[in-house]
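In structure tokens below, several structures.
The two complexes that follow have chain A in common; it is paired with chain B in the first and with chain C in the second.
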Partner chain A sequence: MVEQRFSRILRSTWIAAGILTIVLPMMWIVIASLKSPADLTDATKIAFTPTGENWANALASGLPAALLRSLIVGVVVVAVSLVVGVPGAYALARYGVGGTPLGFVLLMAQVLPPAVLVFPFLRLSHLLKTNGTIAALIPAHISFVLPVVVWLLIGFFASVPVSIEEQARIDGKSRLGAFWSVVIPHVRPGIGAACVFGFSLSWNDMFYSLILVPGSAQTLPLTIAGFNTFRGIELGTMSAAILLASIPMLIATFFIQKHLVQGLGGNGVKY
Partner chain B sequence: MTSDKKFGVLMITPLVVVLIAAVGYPVATSLNLSVTDFTLTSKNVQNIGMENYAAAFSDTPFWEALWTTTAYTVLAVSIELILGIAIAAALVKQKRWVNITRSVLISPMFIAPIAVGLMFRFLLNGQSGAISKTLAALGIDHDFFGSGNVLYTLVGMDVWQWTPFMVLLMLAGMLSMPTAPLEAARVDGAGALYRLRRVLLPMLRPTITVALVLRALDAMRVFEYVFATTKGGPGTESVTVQYFIYQRGIQFFDLGYASALAFIVLAIVAVIVLVFARRVVRQHG
Partner chain C sequence: MAEVTFRSIHKRYGDVEVVSDLDLTLPDGTLTVLVGPSGCGKTTTLRMLAGLESVTAGSIHIGPRDVTTLDPSKRDIAMVFQNYALYSHLTVRENIMFPLRAKGMGKAEAVPRARMVEDLLGLTPLVERKPSALSGGQQQRVAIARALVREPSVFLFDEPLSNLDAQLRVDMRTEILRIQREVGTTSLYVTHDQEEAMTLADTVVVMDRGRIGQQGTPQEVYSTPANVFTASFVGSPRMNLMEGTVSDQVFLASDSGLRIPLPRVTGSVTLGIRPESMDVMAASEIPEGDSASSSWSSELRIVLMENLGPRVLLQLETANRKALLRAVVPADRMRDLTEGVPVRVRPQPGQVHLFDPVSGRRFDGE
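What follows is the complex of A and B.
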């Protein structure tokens, strides 16, 4: 009993230490975003009068437009990934079509160095005259979002018992009908989790954005990097910008966390 | 062909087509670029065979960048794996506030790496950073971005952001495996260390292998932290492969050569994946 209580305290302390390591730096950014330029020169100053100036500056800068562009790219990329990825992942999980070779291709696609792909996408954007616009970014983001989304979805589909689908077939549904009205509702939370995860990859990417759309149509990460100077005013605005970009993702994490743990625990992790 | 199979093929065709267009095409183009002297501004592009590759082999800064990246990856991923298993093992037994704790503990992996890089540049900055100032008040004078320290600082950022990925995969692995063997070992009076080494780790091995491959290959792409903090400095001490290729390709417009460099990295990556994939296959028998 004593040993159990001791190990429980040890465990809680350990978890608390992890949480503090994560939350403290974030809290510091929140504090910095509320400090006036004068207060920002003293990083460890806790007592100060909060100001909304940095947030106002961030919202008045190019940030909201960049946010919108990132949103558009992310939504289009995730939509394409779902339209082709959901049936594809189902076929792989349920019928084993494509088998190990396709599984290997999906794994390799996830680990391709972006430097291999980015220059062809740059040339493609010059050929299609999409260079400098967010349209150039969409195929590039699909190249790394789609494999991850499919990989996650395979795990979710594999966890659906075949029997419920067979029952629907006996009840007179076609294969497509059974897939649509029985299997899909079962994996809906998983699809949601894969969506959010894929969206975060697109939302957070800077490398492709830096090379393909470095100009006036830049996306969020590059705009945040633009605040990277060491003048006091910019530091506060940068902090507000970092928070504006991160908060939506952090909220989403809360809702998909459970489904990610489940999906990855299925067959998703094992090839 | 059975009608099941026909249906499956029908369902998978769009995926295969998009994969060929979005991944196959650029890989093929890149391979083609790598044997030319293509630059963004060049008018006549010539096929120069293996010249780019030959040049890469005597390109000392490239190999130095590769070495820096390897050291960074090995260090970061080892720390993340150990911390990830330790945190996941604690989370498995936790009973209260499960969702909020897990959400917070995996949250850093959803923040843009450039934001993480800028955040730490800000916190660790020598003159005004909150962490350096606090350390200085405690009498510790540490130059996080100085020569000899910078690689460890970058590793620290990677650990902060990506240990959550290990936690997520290890937690998923632990929750999906049968609890009976661990219970049996406990009933038999096996100590905690024995249960960890002889029961938990062997059962987690497939998950660990996949997690290591994915994380290691992702760590090798490190770019944003360098871009946000050191731009490769001091000197070229923190130039990573991805940063080096970016410089060659974009700042010097040398796309043919940069593509050749990227393929050398890809060859190394493929070897790592094949070695690990074979081990996984062998384990599953």
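What follows is the complex of A and C.
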């Protein structure tokens, strides 16, 4: 009994520590976003008069436009990745298309330093005359989002029993019909996880954004970085901007966290 | 309702021939059971009929229709898989209606038909549940209901009971038989369990390495096995099979030297005696030199006794430990028989099976 209670206390402490590690910085940013520039100079100051000034500044800056651009890029990237990645992951899981070499390539795509691909993407944007626009970002983001989407979905497809597809075919569906009506619903959690995870990768990307679309078409992370001006860091405005950028992701992640864990850790990849 | 015919079916995976020259007819309205050890080609045969495996050579007909290359969805069949293959994202009712909806039937027409089979299988209180909230037996019923609802020309069962526990397996077996009799749909049932095959089948087809070993009613297959394979596969406990030669009306087992009187035969044979058609008596009870003693075998010893309830399974061994025989005797006979006791055995009249030791085929007239 004593041991049991001890282990429970230990576990609670451990969890509390984990929560604090994550929540404290967030809280600090929330507080910073409500402080006036004068109050910001003292990071430990808890008692202050909240101000909406930073939020107003953030909203009045290029931030909303950048947010919209990031959203467009993220949605297009995820959509393309799903259209290609869902059938791709299915083929890999079911038929072992490409075998181990293709699996290796998928893994490589995730560990490849993005710098290696910068020149090809710059050249591509010139050829397509998309340089300087967010359209230049889309192929670049797909290059790292698509492998992740496929990687994540392989495990989900592999866990769908073949007999369910066969049953659907016997029950009167075509091959494609069985895929749509039976296989896809079974991997829906995985597709949800892939959406959110892929979107967050695109949403948070700064590297390609910095090189491919510096100027006026910059995306959210660059805009946030822009609050580090030559006059110093606009800490309050930046805090408000960071919150604006991260809250949507936090909410989305909260809703799919169970599937995310299942997708990333629960399913081994089978070839 | 339709008769199903397999005509000289071959199935090859690369160099491996899984099914060779299979000719088989499933008479209209009957239940045929394919039985055999794993790898004998029984499941492949079923899957070829379902359209889930291609046919290397030969043709398959359902009634007058040649379905050899037809897509599974167009064969008008229903199948129950070993793992039930329920659609876990749909409720029980939606699962049952799936084949009807796939054919384009409207909800208004599909629901009453689903209700009918739900009723038949006692699923009515469960229709709103998801498959994950059902027990194994209930899942099995849903799978059967889904097969029933479309009123197909052929039912296929792929080891449907092997995931259930022993008691439930026996209950579901009865239920499948009852439903098959009631709807009278031509059915093909695959199992590795010979007992299941014997209890369910109108016709048992014993398969061995891609070929039909024997085909017949359960009674025929049991009482006149056509070859050594069928003899050893059908029946539990397994038939005793010994190779040896018969001379002077005595069978002499070649490895153990066991002698069993055997009139009216000569030459080398494989002798088969079912454990349940063997008399066993303590050697001390048989008077030496008596005329009656000439019908008994040479001596064996009881090495193990397994209680089967009303009967006891005896493992008998020769003195040189080279032959092990199984015999089943009524439990009340066990007073004078215990482990270690020397005994002699005698096949019951007409219960001897003789096979050609080379081809394995049954000798005619025995």
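Note that the second predicted complex is superposed on the first by the 259 of 271 C-alpha atoms of A that agree within 3 Å, B and C clash if a C-alpha of one lies under 4 Å from a C-alpha of the other, contacts with A are read in each partner's own complex, and residues count from 1 in each chain.
Everything that follows uses one rule, which is that contacts are C-beta pairs under 8 Å (C-beta built on N, C-alpha and C of every residue); 3 or more make two chains touch, one makes a residue touch a chain.
Note that the coordinates shown come from a computational prediction; the quantities given were computed from them, not determined experimentally.
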* Examine A:134 and indicate which partner it touches, taking first as chain B and second as chain C; both and neither are also allowed. => neither
* In the superposed arrangement, does A:87 touch chain B (first), chain C (second), both or neither? -> first
* To do: Would you check which partner chain A:235 touches, where first means chain B only, second means chain C only, and both and neither mean what they say?
  => first
* Compare chain B and chain C by how many residues of chain A each one touches, and report the one with more. => B
* Asked: First (chain B), second (chain C), both or neither: which does A:154 touch?
  -> neither
* Asked: Which partner does A:23 contact after superposing on A: first (chain B), second (chain C), both, neither?
  -> first
* Which positions of chain A sit in both the chain B and the chain C interface? -> none
* Structure fact -> Residue set of chain B touching chain A in the complex reads 3-5, 7-9, 11-12, 14-19, 21-23, 25-27, 29-30, 33, 40, 86-87, 90-91, 93-94, 99-108, 110-115, 118-123, 125, 128-130, 133-134, 137, 160, 164, 168-169, 171-173, 175-176, 206-207, 210-211, 213-214, 217-218, 220-221, 223-224, 227-228, 241-242, 245-246, 249-250, 255, 258-259, 261-263, 265-266, 269-270, 273, 277, 280, 284
* Once bound in the complex, which stretches of chain A touch chain B? -> 11, 14-15, 18-19, 21-23, 25-26, 28-29, 32, 41, 43-44, 80, 83-85, 87-92, 94-98, 102, 104-124, 139, 142-143, 146-147, 150, 175-176, 179, 200, 203-204, 206-207, 210-211, 220-222, 224-225, 227-228, 230, 235, 238-239, 242, 245-246, 249-250, 252-254, 257-258, 260-266, 269-271
* Complex contacts: residues of chain A adjacent to chain C -> 161, 163-164, 166-174, 177, 181-182, 185-186, 188
* Sort out for me which residues of chain C touch chain A in the complex. => 50-52, 71-73, 75, 77-79, 81-83, 85-89, 98-99, 102-103, 146, 150
